[in-house]
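What follows is a pair of complexes built around chain A, which joins chain B in one and chain C in the other.
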Partner chain A sequence: MVKYVGKSITRVDGTKKVTGDLKYVDDIKMPGMLYAAVKRSIYPHAKIIKIDTSKADALTGVKAVTTGKDFPKRVGLYLADKTFMAVDKVRYCGEAVAAVAAVTEEIAREAVKLIEVEYEELPVVENVLDAMKEDSPLVHPDLGDYKHIPIFHTMPGTNISEHFKLRKGDVDKAFEDSDLVFESDFYVPHIQHCPIENHVAIAQIDREGIITVWASCQSPYAVRAALTDAFEVPAHKLRVISPSVGGGFGAKAGTTLEGIIIPLAMKTKGKPVKLTYSREDEFNNSYVRQAMHSKFKTGVMKDGRIIAVKNQFAWDGGAYTEYGVNIAKSAGFGAVGPYDVANIHCDSYAVYTNNPVGGPYRGFGMSEIHFGIEQNMDYIAEKLGIDPIELRRINAQKPGGRTATNAVVDDACGLLECMDKVIKDIDYYTPSEQPKEPYKVRAKGFACGMKAPSMPNNAASSALIRINEDGTAYLSVSAQDIGQGSDTALIQIAAEILSIPPEKFTINTGDTAHNPYEWQTVASRITYSVGNAIIKACEDIKQQLVQLASIKLGIFPRDLKLEDECIMSTIYPDKKIPIKELALGLNMPDGSGVHGPIMGRGIFVPENIRNFDMNTGLADNPVVFWTYGCYGVELEVDMETGNIRILQVASCFDVGKAINPDLVKAQSEGAIVQGIGSALFEEIIMKNGKFMNPSFMDYKIPTSNDMPEMKVSFVENPQKDGPFGARGMAEPAMIPAAPAIVSAFYNATGVKINELPLTPERVIKALKGKNN
Partner chain B sequence: MKYQIIFTLNNEKVQHEVEANKTLLKMLREDFDLTGAKEGCGQGECGACTILVNGKPVNSCLMLAVEADGKEIVTIEGLSDGEKLDELQKTFITNGALQCGYCTPGMIMTAKGLLKENPTPTVDEVKVAMSGNLCRCTGYKRIIEAIMEVVENNKN
Partner chain C sequence: MNKFNYFKPSTLTEASEILRKYGENAHILNGGTDLVVRIREDLLNPEAVVDIKGIEELHHINYNEKEGLTVGACVSLSDMAHNEAVVKHFPVIADSAEVVGSGQIRNLATMVGNNCNASPLADTATPLLALDANLLVYSPEGNKKISIHDFFVGVRKTSLKTGEIVIAIRVPSYTSMKGVFKKASRRKDVDLSTVCTTVVRINNDEIRIALGAVAPTPIRAKKAEGFAKGKDLTDEVVHQIAKLAVEDATPIDDVRGSKEYRLHMVEVLVRRSLEELRY
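Take a look at the complex of A and B:
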């Protein structure tokens, strides 16, 4: 009988968040703190001829100035293509070229104005499709010299930093055999994550040379790895603390401004240096979601079976693709969405341009490709005269079927169940009731989606649990609660196994000096991966407790169990000893002690996740799991103004096991509204390499007024290696949003839109096009 | 140039010297260590910095500190009485109306101001009143529900 897992216990971090007590990095004030400001490039692509910092240096109150030349080593998570500040040339408008630390923010900003940079402009690579052409100017002429993880295929001499190829079956023959062949193109623009907390970091170096970085980051260990690499310092001398994170969505998965302030802190004799991004910085200089062009050619049989897909994804990776290469690869793994297609030819390219730097955004790769995949399903269904839901059922990946890379689909694929649930919740087959106003139309739409965590095969987790002398416990991990609720869910897992109630736990995270290794808080992998490490730490503790209790009670270990905070006999329930009495070890009758304090250690790395074949992209076990699900949407289009109102959304995902059902639903709700933003409003407007709308005034994100009625649910087909059967869901929960909305729009208006977002202007233009 | 101002801050009279160009948000965060109000945009577009000025919700990033002279200011820190939380703080917790928490102080202060003016607004009125406070995490549903729970209690 489970007691805590599967229960919607209240979040453990509520009180400190509603009172304002929780300190985020920007709330930290230290004695002698200095403030940094950054000189940024005004050109999207230019050679740096000269940087003159002498006037800034001379300004009273300025304590340090640094430029890219101070640390020219290239680093990066998957591809070492970036420096924290531009060295010889700038590759996007806004790139850091110099930085200043001063006693006040005002002086720092003043000093930055005094830095003179001489540039020689270079031709700008604005458009990703042009960037792929042979005669395009190169953003990284030295690509061939950059180090990268061997699974990536860079193309030196071009702007292509990754070409992922998937070759399955025989597409040419399959197209010949097809009854019908469809072709279509789609485009999704750059969008921005927009956590409400902007990026911020503080760095300090003490006399022993220990660097401490306080950063709002999702992955303290990944930040440490990047910084130790860039600044060539040993890991034990670089401590990353992330006390709390005000939203991430992928934006805070990597390392950005930390690398700008460390060189400053190295020059300030122990004084901490703080850099806080403004909202404009946040828009322009933190990772953007890459824009992407997709092309599909699909071969189908009259009965609805899809037998061939040839597609191409061109990702606008921007100025640096240290993370972007992995997005292109992941998209290739999911090339045909949640469908079982025997013959696939997919090319996915990460491409350098002089646009802002692309990086991971909630559900990376998958939201972007599903926009096309799912609309395509609707077109095909219409042309074949088959119900679009039925077409999806026919082609859906089902247990025993095959994924795009030819892996066998797990028994735990509950896509069809999710579809049944959503169809019922949105009452899909009952046409929308039409509003009184003749210029408004309502309709429903539907889309599926899937995602796997995209990470290195050996992405590892660890957990330490210490039992205190009163039977309470410390749980130490380096998973970051960035709002998703991991602190609560992870405590629930530990509480369940140790039979210690959740309120008796304190969870410690976000400090590389004190908490054990974690690869990254990304990819919807935390509950799964850290949950597994915690289970092992609990088993470790249990085994120690049983051993001691066995001595104390004189009962053979096999006849002991852990229940209600006690080790007790399975035969004589009154024979027991509370955990707290064993917390520091066992006291023997002669006064001696044995064993010592109870501490549990748990480590986890997914088993047998193997590389794919570099020539074909095929792989029998390339990812830990796929999470499947779908959306149903009802919306209203105002044909006069082009405004769209989302009336209701139903979503359902196969989460394996909801450790905390309320938290799962909360993730689904947040994902729906974020998805609505990406479908209706959000788009970075670039003009001549400049970001034109870096504010909430000009880049609208959804407000409480845009919130639809939401019916969120989940099904639970257990993940065989997941903690209590759980798998990740917070990113998958956003993926079908945009295509479901576009599908409903088409059903309402009969107009196809192949480009996001559906702004009133775009809608009106499309409607006019139809009438002409 | 510095100005002397006298105002009420979380129920206490205070006297303070402040630069003419300093925003109220900066003064609260830097001079009084009241860091509950956050800067999300600094341009009046996100609501993370919302506090109450004479009972009304205000974006403190847009108001100059000197304008606080003679006013009554309440921040999120002044809403609870020691460990005794305000009704809204409680329903935000029990409804799970927060995730990362960065928008939360501002949300609660805007809701507080609304309910002071109108203790029993409709759901639609609440949605409109809250629409200047951005949240990227929750999808707003639980925030609206948390506020409506207090509204329901106000009706009884």
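Take a look at the complex of A and C:
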């Protein structure tokens, strides 16, 4: 009987967030604090001829000035291609070229204006398809010299920083055998995460050379790794604190502005230096979701079986792809979405351009590839005269089937169950009731999606639990609650095993000096990976408690159990001892002590996750799990203005086990809203390498009035190695949004749109195109 | 944000003196929802900012049949949009005010400010144009009245001279007037107009059409109005008026919309407005 897991307990961080008691990095004010401002490139691609900082240096109130030359070492998570400030040339408009620390923000900004930079403009690589051409100017001519993790395939002498190849079966022969072959192509633009809290960081160096960085970041240990590498300082002398994070969605997964303020802090010993991004910075200078062109050639049989897919994904990685290379790779091994296709030939390319830096964004490539994959399914269904749901059922990955990389599909794949649920919730087969206005049309649409965590095979987690003398507990991990509710879910897991109620726990996170290692808070992996580490820490504690209780009660350990905050006999329930009496060890009758304070240690790394074959991309166990699910959407199109209103969305995912059902629902609802944004409104408009709409004035995200009615559900086919059977769901929950909306749009209008977003203008253009 | 001198005078005379002293380097601060953003983005760099909210007489809103509606310079868009007389006699003005920015913006921003800002896409400018409003202006040489038709000179340019301050906007009363405000935007709420329109029908005889975001200033669609004069609003006439309204529009392409889309939307919005005015 579970007591806490599977229950919708109230968020443990709720009160302090609602009241404003929770302090974010920008709330931190320290004596003597300096403020940084950054000089940024006005060109998308240019050589730096000269930087003259003398006037800035001379300005009263300026305490330090730094340029890229101070720390020219290239670093990066998967590919070491970036410096925190431009050294020899700038590669996107807005790239940092110099930075200033001053006693006020105003002086810092004034000083930045005084820095003179002489550039020699270089030809701009604006478009990913042009960037892939042989005669394209190179964004990184030295790509061949960059260090990278060996699982990536860079192509020195080109703009391609990763080429992931998937070769399964024999596509050429399969196309010959196909009854019909279809070709199509799609485009998704750059978008941005828009967390409510912008990036912010503070750095301070004490007289012993210990660097402390306060950062709004998803992954303190990954930030530490990047910074210790770049600045060549030992890990124990670089402490990263992340007190709280106001939303990340991937934008705060990497290391960005932290690397700009450390050189300033080094020059102003002892004084904390703060840099707070404006919303314009957040748009232009943190990360963006990469734009992507996809092409599909699909071979099908008349009965609906898809037997061959040849496709290409071209990712606009922007100026640096230290993170983007792994998105391209993930797309490559995702290849065909949640379908079982015997013959696949997929090429996925990460490509440098002079656009803003691409990086992780909720979905990590999967939303982008499913935009094409799922529309393609609708298209094929129509051509074959098969119901689009039926076509998906025929081709769906099912237990015992094969994934794109030829791994066996796990028994826990619940895609068909999810489909049944959504079809019912959206009442898919009942046509929409049409509105009274003759120019408005309503219709329903459907799409599936899937995602696996994309991470190094050995991405590890750890947890420490300390029992206090009154039987309460500290849970220490480095998972960051970035809004997804991990603090709450992780406490529930510990509470369940230790039988200590959640309110008796305090969770400590976000401090590399005090809390144990965590690879990253990304990839929808925290509940799974940290949850497993916590279970092990709890088992460690349980074993210690049982040992001590056995001595105290004179009962053999096998006959003891942990229940209701006590160790008790399984045979004689009145024979028991409360945890709190053992918290500091056991007191013997003669007054002596045994064992000492109870502390649990848990570590976890997924078992037997192995690399992809470098030539074929095939792998029998490359990822910890796949999460499957789908969306049903009903919308209304104003055929004259092009405005679209999403009326209702039903979604269902196979989450393995919902540790906290309300939090799963909240994640699903957030995903729906973010998905609507990406489908209807969001688009970074680039013109000649310049970001034309870096503010909420001209970059729109949904408001409360754009919310549809949401019917969110989940199914629970347990993950074999997940804590209580749980698997990740936060990112997968967004993936089918855009294709489901486009599918409903097609059903309403009979018009296909193969690029996002469906702005009123794009809709009208498409509708007029149909009429002509 | 750059440094500036902040003044909060309590009389128009005093305010005007400061404005004249600093000349081009002074800027009036009213709701501040445009000014503050523009200073922060370094688009404006005033030496003196003159806050007129301390001038008591600018905070009044009145209606009487003889003079019409008078909305003081410092009356917020929310207060105006919920004012009983505005809702009763000029719902079209209330409708246009209700879609400017967000609730928070409307609690600060004013109709006078929205118009003095002289953006081509000012939502409240179209009903004022259609209703032949006047601006009551304090001038060192003596108060004067400027017709809204003479007020907008170009993008962010008005006919106000240094030291002049708009006291209020006055809209004449009509015995029989129905109006419809419409806005095309990328998102339903909290968005700028891609195109906005006001169409009014006076005495069941005259049609007036004002368009925003399709020219350097908000404009009236005179050709369409001339055609509509005295005609019954049959389907055919409605379509023709809507098509003619497009002819006065000379929009540009920008991130909010292409020229083509804007022209298309002028026709759609004017037609829909006329259809509503038939009943």
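Methods note: the second predicted complex is superposed on the first by the 772 of 772 C-alpha atoms of A that agree within 3 Å, B and C clash if a C-alpha of one lies under 4 Å from a C-alpha of the other, contacts with A are read in each partner's own complex, and residues count from 1 in each chain.
By definition in this document, contacts are C-beta pairs under 8 Å (C-beta built on N, C-alpha and C of every residue); 3 or more make two chains touch, one makes a residue touch a chain.
All of these numbers come straight from a predicted model, not from anything done at the bench.
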Joint occupancy of chain A by chain B and chain C, clash or fit | fit
Which of the two partners, first being chain B and second being chain C, lies in contact with A:703: first, second, both, or neither?
-> both
Which superposed partner A:681 touches (first chain B, second chain C, both, neither) = second
Taking CA centres, what is the chain B/chain A/chain C angle in steps of 10 degrees?
-> 40
Which partner does A:246 reach: the first (chain B), the second (chain C), both, or neither?
-> first
Between chain B (first) and chain C (second), which, if any, makes contact with A:659: first, second, both or neither?
-> neither
In the overlay, work out which of chain B or chain C sits against more residues of chain A.
-> B
Scan A:357 for contacts with chain B and chain C and give back first, second, both or neither.
-> neither
Is A:22 in contact with chain B, with chain C, with both, or with neither (first, second, both, neither)?
-> first
Of the partners chain B and chain C, which touch A:13 in the superposed model: first, second, both, neither?
-> first
Which superposed partner A:764 touches (first chain B, second chain C, both, neither) = second
Between chain B and chain C, what is the tightest CA to CA spacing in Å in the combined model?
-> 5
Across the two complexes, what residues of chain A are contacted by chain B and by chain C?
-> 697, 702-703, 705
Complex contact set, residues of chain A against chain B | 10-11, 13-24, 26-27, 29, 193-198, 244-249, 278-279, 482-485, 662-663, 666, 669-674, 695-697, 701-705, 707, 710
Which positions of chain C touch chain A when the two form their complex?
-> 1-3, 184, 186-192, 194, 255-258, 261, 264-265, 268, 272
Along chain A, where are the residues that touch chain C in the complex?
-> 106, 640-643, 645, 681, 685, 692-693, 697-698, 700, 702-703, 705-706, 759-761, 764-765
Given the complex with chain A, which residues does chain B contribute to the contact?
-> 29-30, 33-43, 45-46, 48, 75-77, 79-80, 85, 89, 92-94, 96, 98-105, 108, 126-128, 130-144
